[in-house]
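Next, two complexes with chain A in common: one pairs it with chain B, the other with chain C.
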Partner chain A sequence: MGSVVGKPRRRLVRKLSGHVARILVVLLAGGFLGATLVRLAPGYGTNPEELDSRLSAASIQALRQARGANEGLASFYAHYLERLVRGGLGESQTLNEPVRQLLAERFPETLQSVGLGLALGWMAGLALAMAAVMSRTGIAGVAAGLLASILLCVPAAVLALLFVIVQAPGRLVIGLIVFPNIFHYARNLLARAAAMPHVLTARAKGLGNARVLLRHILPVAAPQLLALAGVSVSMAFAAAIPVEVLCDLPGIGQLAWKAAMGRDLPLLVNLTMIVTLITLVANTVADLVAQPRQAGEA
Partner chain B sequence: MKWVRRGAMAFLVAVFAASMLANFIAPASYAYQFRELPDAAPSSQHWLGTDDLGRDRLSRLLYGTRVSLLLAPAAALVSCALAAAIGGAAGFAGGWLESAVMAATDLVLSLPWLFLLITVRAFLPLNVAPIASVAITFALLGCLGWAAAARVVCADARTLKNSEIALLARATGSGGLRLLWRHMVPNLKPVLYAQFWISIPVFILTEANLSILGLGVAEPLPSWGGLLRELEDLTSFSAQPWLFAPLILLVLTVSCFHVVVREEEMWG
Partner chain C sequence: MKLPAISATLLLMGLMSGPLVRAQRGSQLRFSLASDPKTFNPLLVDDDASEAIRYLTGGVLVRLNRETQQLEPDLATSWRVSRAGNSITFTLRRNLRFSDGTPFTAQDVAYTIQRLMDPVLHSPTGDSFRSGPGNVTARIIGKNQITIVFPRPIVGLAKLFDQVGILSAHSPHKEMAVLGPYYVAEYKPGSYLLLERNPNYWKRDGAGNQLPYIESIRISIEENRDIEMLRLMRGEIDFINSLDPDLYDRLARQAPKMAYDAGVSLDSEQMWFNEVPAAPIPAYKKAWFTSTRFRRAVSESINRADLVRVVFRGHAQPAVSWISPANKFWFDAGLHPHPFDRKDALRLLAEDGFHLQNGVLRDRGGHAVEFSVITNGGNMERVHMAAMIQQDLAGIGIRLNVVTLDFPSLIDRITRSFNYEACLLGLVNDGLDPNAQMNVWLSSADNHQWDPDEKTPATAWEAQIDRLMRAQAATLDVKKRKQEVDEVQQIVWREEPFIYLVYKDALAGVSTRLRNVHPVALRPQVYWNIDQLWIAGGRAEGRGWN
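Here is the complex of A and B:
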């Protein structure tokens, strides 16, 4: 009995450790790529101080050495990893503040915006997708499809600008970016599930719309919807950049933009790595939750 | 729905033709400044008015359309070529190569698209000539947008490799490069066409986002994103409604691309 119960758990642990190993490898590879780009980027290690004509060549060399400008790629990456293990993310070149502190200050704002955007996008997208699939008249589907198609054609930055003009809360824009993608994918997944023979049999037996949806359609589409949930996190974080910049929300999207405009490469690489880690974890969680459902269906 | 697709195609052809003929039909050059007429409202001379530097908005819209409509397909072509090479080779070879390519694809796809773009864009010099900024923007889109297409191409190449076509080709002595070039590549064309058409609106929208953020096409060269930056100065919708002309054209064009690409190709 114990071994029967233990088997799925062991499988889950194996799967989980596989995912964790994959995330680590991706982060190490991504970190190496980022460190390589920072080290090789044009202008790395240069400083306006060096333009002081009174400085001798030896003094300039000493200044460069102190900043690690002459460091090779391998030692640069090793130092970066060493700092990372100790929890240090370095210092922002443009804002002259530790990256850790900047993140601590700005991350809650982005989490709020992204969380609200995801919640709104999913609620509206899924509700309208369900209405479109279940409605007999088709009007709901056409209207929601039209709205989603129009939103899909408007750049996130323009939506943010329009929200600024009407003085609406900018956070809602992330929801409008997530919504059309969720609606289109969810509608197709639900429509495919609704056309399956067991659903037709359930309808023929006289089951109501709500029961057919909850008991026979949603469980079939659930694994793919969960996978979509993981992907939508990445969408929401990408939308956070223009929204935070144009609506003046002090989150990490705005920070990333400031870092890009000021070519603050260490800050930018750290931000990208952190957002990548979040999206990887979201995808992994979605995958792990979806797996038992898929196995159950099989 | 055939007539809707035909209408969309006709609209795209008309917009493309108008932008290509900008030299002949635009009232002025995109950079020419009517210094006596800054911020002018629409008139018979300037149908969409002039901007704060006195540049004719209609001319800038026509030239900006050309930039977006020429370079987004070019970037889509680059990304599709990369996807074909990377995904096709992985699907055809299988084994560790396919696993490695899929892992790299996962890495690229797990990076939020705009984060990745602004990060890589920031590694390159920001103060560059307008033409260089256009080249950099669309080269980045082409070089970084291959992952999703590569995944689809890889899956198709894997199916093709195990198909009866490949089996028959092998039985008649085709192998290696000949099998790849004569039998695999022609059968991958439909999926590559679909990926090409899907990528164009994505790249148009991304360029618009990047340019509005000041990381795309540099002034004075116009692009849809650059023209949309004017909306930043708007205080109400009714104040200067003609400023929405680039947005309307962009939405219509992207919608037409979506209509041309069949729905099932876009949403699975």
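Here is the complex of A and C:
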């Protein structure tokens, strides 16, 4: 009996370990790639203050050394990993604050923005997709499709600027960025599920719309929708950068922008790794939740 | 008979000071900075944002009045520079305290000087005081008197102390304990700073009220100039210290009472050619760029009046020298901008063997004259100027390619790789004394942009500039210094290592609620008299954004 219960558990542990290992490898590779791009970007290690005519040659040299202009990529990354193992994330070169402190201050703001944006985008996207699929007239589908297409064409920065002008809460912009993607994918998935023979049979038997949707369409589309959830998280984080910059929301998106503009290597590498981690974890969770359902349905 | 007169005067003073005192309660000034301050240490200030915080919080021994351009007593009631010019004695105000209550004494000044001149600190302000090898000593004469002795004479010595924020030698709060009108109470990097009124600030107004009038200052970090303007119009911020000409014009149309043009500033916009011998550019181009005739011809082909009219909408002046007319004493008024004269430009080019062929200018070797100019893409004025210069140069058969880069990439090219042909950039000038630009004009200096770190002067005129700049730095005779600096200005006008284009006006936008505002050309334009400003009607805490 024990071996019968132990086998699936062992399989689950093995599966989880595989996912964790994959996340770690991708994380390190992402961080290294990010560091490489920043380190090789033109202008790395420069400082506008070098042009100050008051500075002596020794002070200019000191400025260059302080910005790590003479530090090689391998040396930077070795130092970074060494610090990381000891729990340190280094210090921002542009804001002169510990990266750990900056992240702690700003992460709640971004989590709030992204959380609200995802909730809004998903609720609106899913609700309108369901309405579009279930509606007999098709008007709801056309109207929602038109709205989603318009929003898909407008860049996040333009939407954010519009919200600044009309003094609307900037956080809602993330929802409007996520919404059209959720709507299009969800509508396609639900429409495909709605066209399956068992749904037609259920309709023919006279089942109500709500029952058909909840019992026969959504369960079929659920695994793919869950996979979309993982993608939507990275989408929301990507949108957070222009939104936070333009709407003056002090989150990590704004921090990432400042770090990129200032070639702030320690800050950028940490932010790259954090966003990579969030995306990977979201995708893995979606994957893990979706797979047993698929297996069960099979 | 005298008593009623005195009573009436006192009553009048009371009535006049009443609104000001009331204005203090809960009043908050709000404005934006484009970036975070890089430091709160007044000795390490090297960027605009840190400079703003130093001005608002730092106590200095003497203060340069930005309006009159004259020195005024601040923490020091008087000062005396020795005849040899290598020492200065300050008599300090008595019974002053830092913002945290620590007493202010001559020991604090000695400590500040010791830190300032510490070679390990690499203080930009300290570098201004380095006149030669040797140690700087601070001799405390009494609790309120101190003499600072430098190894060599320093020209304009007293004025340099306008930049030295005094540190406390004993406060546990270190550089956060200040003697200026405000202290930093809160800071959220990348977001905002909150400055509170220094309860121990020494200055009082004529009626005996303690200054400053405004209780706190909230400074938001806002990179986007359009959003900053939007917030000014909505009343969310009280002023913009430095407006772009198009935003100024928009403000002047919509709210004329809020728009201020304080006249020509100290800042110039200029263009220069890469004359670095080791630069990775073809030899024939180096030959063009090192030719005075070529540079003069390019200069005469640029219509500066059009740049002023179109790019700066009239809020600028054609430039002529490295010193702006805003610098009343040092500007050489005898100089005039090079005229826009294509005919003369072609004559100069012909003398160097250039010739026009089917509308294309070619050099002796038959190479078509074509070069690129780099500028920072974030500055639309410069991008527009480059586009106009492109059109102007096309008029004499030169093809100019405009390359916009972000600022770090541009710095990389002009200071490290030297992989550029010409550069269009501005020079931000804070100091009035020409000695502050030694590191630009000495041929051996790092900021000698067209050819940094020359082992020996590459040309006779650069050797002459070296001699004159060193001579003006070695004499305390102001008249002689003026002659030497004028001569340098004339050489630069003639040889044009920098092709000066325009001097920008100091443009500001100020809310009508902010009172006693007199924007000036010198930084910080709007709030140079911060302790005298007040907000009509005050304002409740917590209103607005952030």
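Simple rule for what comes next: the second predicted complex is superposed on the first by the 247 of 298 C-alpha atoms of A that agree within 3 Å, B and C clash if a C-alpha of one lies under 4 Å from a C-alpha of the other, contacts with A are read in each partner's own complex, and residues count from 1 in each chain.
One rule holds for everything that comes next: a residue touches a chain if its C-beta (ideal position, glycine included) is under 8 Å from a C-beta of that chain, and two chains touch if they have at least 3 such contacts.
Given the structure is predicted, the values throughout are model-derived calculations rather than measurements.
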Discussion item. Which partner chains sit in contact with A:L207 here, chain B, chain C, both or neither? Use first/second/both/neither.
Written reply: neither
Item to complete: For A:L95, decide between first (touching chain B), second (touching chain C), both and neither.
Response: second
Worksheet item: If you stack the two complexes on chain A, which partner ends up touching A:R263: first (chain B), second (chain C), both, or neither?
Response: both
Worksheet entry | Contacts of A:V289 with chain B and chain C, given as first, second, both or neither | neither
Worksheet item: First (chain B), second (chain C), both or neither: which does A:S53 touch?
Response: second
Discussion item. One more residue to check, A:L255. First (chain B), second (chain C), both or neither?
Written reply: second
Discussion item. Just to be sure I read the superposition right, which of the two partners does A:L280 touch: chain B = first, chain C = second, or both, or neither?
Written reply: first
Worksheet item: In the superposed arrangement, does A:I165 touch chain B (first), chain C (second), both or neither?
Response: both
Worksheet item: Touching A:E105, do we find chain B (first), chain C (second), both, or neither?
Response: second
Discussion item. Under the stated touch criterion, name the partner, chain B or chain C, that contacts more residues in chain A.
Written reply: B
Worksheet item: Do chain B and chain C land on any of the same chain A residues, and which?
Response: 41-43, 164-165, 245-246, 261, 263
Response to the item:
Residue positions on chain A within touch of chain C in the complex are 41-44, 46-60, 62-63, 92, 94-97, 102, 105-106, 164-165, 167, 245-246, 248, 250, 254-255, 258, 261-263
Worksheet, complete the sentence: Note: in the complex, chain B contacts chain A through residues 103, 106-107, 109-116, 118-126, 201, 205, 208-209, 212-215, 225, 228, 231-232, 234-237, 247, 250-251, 254-255, 258, 264, 266-268
Worksheet, complete the sentence: chain B partner, complex, touching residues on chain A are 22, 25-26, 29-30, 34, 37-38, 41-43, 149-150, 152-158, 161-162, 164-166, 184-185, 188, 234-235, 237-239, 241-242, 245-246, 256-257, 259-261, 263, 265, 268-269, 271-272, 275-276, 279-280, 283
Discussion item. With touch defined as at the start, can you tell me which chain C residues reach chain A in the complex?
Written reply: 36, 38-39, 46-47, 119, 122-125, 127-128, 130, 188-191, 220, 222-224, 227, 230, 234, 405-413, 415-416, 431, 436-440, 445-447, 545-546
